[in-house]
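Everything below concerns the one structure shown next.
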């Protein structure tokens, strides 16, 4: 599904990404973990198309997308959710997801029909909200949703674009214990239908959801493997797992 | 939503009733005044599309008033008086110029965009000034109004109602546009550009299209303006006029349907009152505007109802 | 089109460019450091001219007029910053544009109230009149040479200030990270007021130097301001070097264009076509140049992205 080779990005003297080789198989959930400052955000930004790498290639479903802009990647089926909630607070939850559906369904050069009266936008949006568990909150203004619900909406919006690959950037950021459990259950249900790259700090979620884990430290991928292998990896333990809650 | 509807109906009723009322009171001046306000309201409505909903701070929007006006003036100068011809050229020229300017400007953002839109409008202003044939700095008198079948634009009351109808049509058109798929894409790009791009929207084509539509609508206002004043001058597109248009949009409350109309009425009526007091009314208006920006963020429409969802 | 004429126009262009630079430097610094777009910069230009004329008339001495004019612009600038501009730092650019637009209306009308709408003429003292001979054989006004020299000196001084002094370092640091500089205990408010004051003084200087050469009347600031915008866009926002390069380019091209485009066109087209197109095209030149620069380099020649 996704093949990353030799991804490199420097900011002045700082090597945020140091020759990263990374891949995601179809239907796989591949988690990326690492201490703060390891370069996870830089990595995600390059995958999503917000940053241009200095070197390396990104191949998505057989196509080289290294030079493609973020909107183009999204249209090809690479969707992301943001670590810092990035929804449309002034629109309702339903309309937020409807926007995502709209982005996927061809061009938006229609000037007359109200977008919110279009069944082909609203029905899929409603279905996604049901999947996510926000069906009752569909009409609520996104700004008035709880933090956990907003994080759910983040993921829902990514789903609205019918992605082939989901890039989830710390979906559980700032969530309480119960909300996290719900989110983990929901992400578990997504595993069957989508390939997922999951960047997370929540180790419980990572070990329950991931088929493979890659560990990023100081811009370098120091280990990749199944959760069991990673747990037993000496270097990883030293660099990261030992300090985690 | 009912409050909004009542507001609109009341407003329209008042505007409809004005001419017979003023004629009965012998105060014909106010028919001219309100007609002028409504024409500029059309320009403000068009600017609101790109500024309020699109987030494009265009400081050169008055250019299209000028293009529309000069289309009428220049065609009339050469003896072409058909109103349809005037409209076609005015709207077409405005759209083309908006396309050309927008193509360059919309690639920039922030402060660059503001400065560049201002600069291009100034360029058009100087162009109008330097072409002495069409009046140069002094402007061009319009001897005949645009000719339309059945409608005599030289008659003050007829032209008043024409302007009223056009204004309402433009308001409705913008209303449909901003609720359509196109409008949603535009508003999404303004509200959270990173999110919009992550979903798959490239802002540029939507913004450019909105810019062209806004320019064309303002060109239409220019045609009406030229017929109203029977005179076209480079001053139509001075940057002072552009700034005034921006204030009309802001004062009324951006990103609302009624906002630009309310804002235009408010600003121009305040100006009328101040003009009645002193010829140096700008020395009062200036600080008033500064204070309104500092303290009065949400605009008039925000007083009456919550923003569009 | 003799060599003498060309050289003379080139000098005029440089002199105009120098005045554009004085304005642009202040505006670009204020924008780069304080993230404030200030349309009323042109008003400071205008007030510099008016203050100088008024002070010269009052004291009967040109030099005193210059000093008082400069001081007046400086003080006015700081006053405006403290009263009207402080609430705007946290606001978006649209609000800043609108608020400073209101200031323009105010100042233009204030000047009209005090001095009337008719153009004033700034008299030159005897020691600034006269002309000097050029190598081409013709003579060039001494005053314009002085303006050119003053501009270059100020440019050098600015460069020295920004790159070599502690204040300049603070200014550059404040441009990249306001909060950090404040956290280091530097009085950001004072810094801003000082920077704005310097910008205002530069604009005032340009204004009072412009007095004898251009027309002094309400609204004079806005005419040059828009060209200053073109300079900044071409040079890149926040860059003083860009302001200098941009100002020279704009000044020279605008001046030479106005002088020579019509005769040049006349050699290629008919005389009447050149007569019509010449002035129109000349006035559009710098804007076309700006469009060209933006197409290839949207951030300007020396600007940085973001």
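Some notes on this structure:
When the chains are written out, they are named A, B and C in that same order, and each has its own residue count from 1.
Please note the rule applied: a contact is a pair of C-beta atoms (placed from the backbone, for glycine too) under 8 Å apart; a residue touches a chain by one contact, two chains touch by 3 or more.
This is a predicted model, so every value here is computed, not measured.
Compared with subunit B, the chain whose C-alpha mean position is the greatest distance off is A.
Between the chain pairs B-C and A-B, more C-beta pairs are in contact across B-C.
Averaging the CA coordinates per chain and comparing them to the mean over all protein CA atoms picks out B as nearest.
Per-chain Cα centroids separate subunit A from subunit C by 49 Å.
Centroids built from CA atoms put subunit C at 31 Å from subunit B. In this assembly, the C-alpha centroid of subunit A lies 43 Å from the C-alpha centroid of subunit B. The residues of subunit B lying in touch with subunit C in their complex are 51, 57, 59, 104-105, 107-108, 110-112, 114-116, 118-120, 122-123, 126-127, 129-131, 133, 239, 243, 246-247, 250, 280-283, 285-290, 293-294. Per the touch definition, subunit C reaches subunit B in the complex via residues 31, 37, 84, 87-88, 91, 93-95, 97-99, 101-110, 112-113, 222, 226, 229-230, 232-233, 237, 276, 279-280, 282-284, 287-288, 290-291, 294-295, 298-300. The touching residues of subunit B, counted against subunit A in their complex, run 176-177, 179-185, 188, 191-192, 194-202, 206, 209, 307, 309.
Of all the residues in subunit A, the ones that touch subunit B in their complex are 48, 50, 69-72, 74-75, 79-80, 82, 86-88, 90-92, 95, 99-100, 102-104, 108-116, 118, 141, 157, 160-161.
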